[in-house]
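Please read the structure below before turning to the comments.
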Amino acid sequence: MATVKLWSDAEAEADPRVSAVFADIRATRGSDFINNFWRGLAHDAGLLERTWTTLKTVMGPGTLDPLTKELVYIAVSIANGCPYCIHSHTAAARTKGLTAAQHGEFLAVVGMANQTNALVNGLQIPIDSAFRVEDTP
Amino acid sequence: MATVKLWSDAEAEADPRVSAVFADIRATRGSDFINNFWRGLAHDAGLLERTWTTLKTVMGPGTLDPLTKELVYIAVSIANGCPYCIHSHTAAARTKGLTAAQHGEFLAVVGMANQTNALVNGLQIPIDSAFRVEDTP
Amino acid sequence: MATVKLWSDAEAEADPRVSAVFADIRATRGSDFINNFWRGLAHDAGLLERTWTTLKTVMGPGTLDPLTKELVYIAVSIANGCPYCIHSHTAAARTKGLTAAQHGEFLAVVGMANQTNALVNGLQIPIDSAFRVEDTP
Amino acid sequence: MATVKLWSDAEAEADPRVSAVFADIRATRGSDFINNFWRGLAHDAGLLERTWTTLKTVMGPGTLDPLTKELVYIAVSIANGCPYCIHSHTAAARTKGLTAAQHGEFLAVVGMANQTNALVNGLQIPIDSAFRVEDTP
Amino acid sequence: MATVKLWSDAEAEADPRVSAVFADIRATRGSDFINNFWRGLAHDAGLLERTWTTLKTVMGPGTLDPLTKELVYIAVSIANGCPYCIHSHTAAARTKGLTAAQHGEFLAVVGMANQTNALVNGLQIPIDSAFRVEDTP
Amino acid sequence: MATVKLWSDAEAEADPRVSAVFADIRATRGSDFINNFWRGLAHDAGLLERTWTTLKTVMGPGTLDPLTKELVYIAVSIANGCPYCIHSHTAAARTKGLTAAQHGEFLAVVGMANQTNALVNGLQIPIDSAFRVEDTP
């Protein structure tokens, strides 16, 4: 259950700003399916618009391939413990070509990163000067 | 500062198990540099051996390209708040070809994922049945 | 399901310390309803007493208004990924006057904070001297 | 140290998009000071523009008072362990009127939320039906 | 639901590497029961083998008693918000002798640690020199 | 640097409530040393009193041995990324007898827990019915 009511298509159609976002999601994805995340965000048209616009830009064409971006998205969602996000982006990654072998290898990297993050934090390892970037303006 | 003393090369050489791991790190990377993480783990030869062996396997050749793996590693390290890990793996990603444009795009994806994770958690969005995988044995 | 059995009213009444806390919760809130959190804590009367006493003090009258405190509570619960806490404190915030517009605006702030936290961590931004407070004793 | 070089004013002025954002930050805040976060983001003009535009909207006038928004921002930053964010938003909260008494009370709420989040997670408390919202579309 | 199908015993038997791990889990634990975690990992025989081998070593006999190790495991799982891990390791801790009184006391420590972590992060307390270890190699 | 000024002994002595807590810390620990955490909390006498009183109770004699409690405390602090807490409680654990071998073994358990937490979250493993406790009141 959500902390808000999810908007139905009928409710979305009655609000021009929400309706426009839903239409753009459908056009962009070439599918009639609107997942629950957007139906929950519909309560705040501004938040819905900003979130969709930014997501579309950030996950759209760029210098990283689409599957890599989905894997980065899932990695963050696992670390943050967001079941919905893990499910939706794992499904998206499969649509973008994720194989079973890649999924296993990806999970191994995520598991390893979480393990060594903990070891480094537990040992409070100081940063090697070799990793330093000149950063002063 | 660390919570343990970091091992010098001289100390590592005096312990055959630690010495063997340090030698394999150098051979695998083709560099004499041993970063502080391994010098901190050297206190527990078993933990050092297991961590290095697994890391070598997990980050070695597979079905995902090396840069993608580094980006996944950094994404997890950002979510977990591990400064050392972020610095060392950002340096490693640059060695593996990360460009400034890709770095910016990667950070945008990580930022977006953290934002939508929070929105989903705040709204407690229920998982769409479309994302479900048949999972019962 | 919980990792412990939740205490019924009958079980609580049989233990004078638990019974006293349940009575004070009811009196303080002006409601007969005891939510599951307290029924789970009832296994350890000392922990139940300390948690309730501190919560009553911390969330009671002070220099911040009650709704602000609930929003801070929900923000932490979202970042920590605690579904129960998000539901119970969102319900409490509504009781204290949270409107739908405020809820959307609050979620936008939480989402923005999580996003910029990730960007700052990814970039490892050094703290500006302008933010420093004289802190030495 | 950062994982990227922070942009100086001279570097920012040489890039019209970055320069425009820096000018808007200065105009909006009525101060010449540009904190390091924006100097780090300047490497990716698109990310800089989107982040500033959204932050300006989200933290701008709305239905929640400015101090409440800063406290929510700090609460998230504490839970995520972002030292830079904690320092910069605590400084901002003071500018918006945060008193020492309010700061202590705020920290007590944050501490309490983190404590009860852990207790609830450890006990895996099921959500009371009283907290449920009708959510099906 | 999982993001992958969980392997049945019949499926595991058809893969010699998975079958060997399942047999070792059964022999080590003296029980026919294979919990869902291993059935999910079975998709990647290498990840399954490495995870089981390391877990068996790490949680096996050493210098810390078995119950202490389980409590440390649960504490991490609570902080990371992993419901499955909390349930499975709380069950394991009970098998290793955890009493109801110890469970309550453990949760009080976990709650306290989360609370003071938040207070320390919020205040950004500098590390006392008394806690420093000589760490330079 | 902290977000507040740390209180000197002279400042603490001028406030009877803070002074009483500092005196009790010294008496309880049999040492004149007051670490920075308490000097930061001193700004809010109520928060200082509640935190010290609860800590003294929770970390005091009970059904778990003192070293186990410190290890649980450090495990949480590692997962939450609190450098100060990791340093102060690792120092405290050493005072309570933590050996180098135990420290290594402890870190291996923490690392393993973080790794499997991530694998479980990534796979979204459903909870085995064998782990369920009857929980309805």
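Order as written gives the chain letters A, B, C, D, E and F; numbering starts at 1 within each chain.
Note that a residue touches a chain if its C-beta (ideal position, glycine included) is under 8 Å from a C-beta of that chain, and two chains touch if they have at least 3 such contacts.
Labels paired with UniProt names: A, B, C, D, E, F = Carboxymuconolactone decarboxylase family protein.
Quick caveat, the model's predicted, so the values are computed rather than measured.
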Steps needed, at fewest, to go from chain A to chain C via touching chains: 1
Chain labels contacting chain A and also chain E: B, C, D, F
Repeated interface matching A-C, over half of the contact pairs identical, chosen among A-F, A-E or B-E: A-E
Fitted rotation between chain B and its twin chain F in degrees, CA, nearest 5: 120
Chain centre separation in whole Å, for chain D relative to chain A (CA means): 20
Gap in Å, rounded to a whole number, between the CA centres of chain E and chain C: 27
Length of the line joining the C-alpha centres of chain D and chain E, rounded to whole Å: 33
Contacts with 2+ other chains: residues of chain C: 1-4, 6, 46-47, 50-51, 54, 76, 78-83, 86-87, 90, 101, 105, 107-108, 110-119, 121-124, 126-127, 132, 135
Touch-based graph of the chains, sorted into line, ring, star, complete or other: complete
Touching residues on chain E, where the partner in the complex is chain D: 74, 78-79, 81, 83, 86-87, 107, 110-119, 121-124
Chain F to chain C touching residues, read off their complex: 1-9, 11, 39, 46, 50, 54, 57, 127, 132-137
Interface residues, chain D side, partner chain C - complex: 1-4, 6, 33, 35-37, 40-41, 47, 51, 54-55, 58-59, 62-64, 68-69, 71-73, 75-80, 82-85, 87-88, 90-91, 99, 101-102, 105-106, 108-110, 112-128, 130-132
Contacting residues of chain B [partner chain F, same complex]: 1, 3-4, 43-44, 46-47, 50-51, 76, 80-82, 135
Residue numbers on chain E that touch chain C, as the complex places them: 81, 86-87, 90, 100-101, 103-105, 107-108, 111, 118, 126
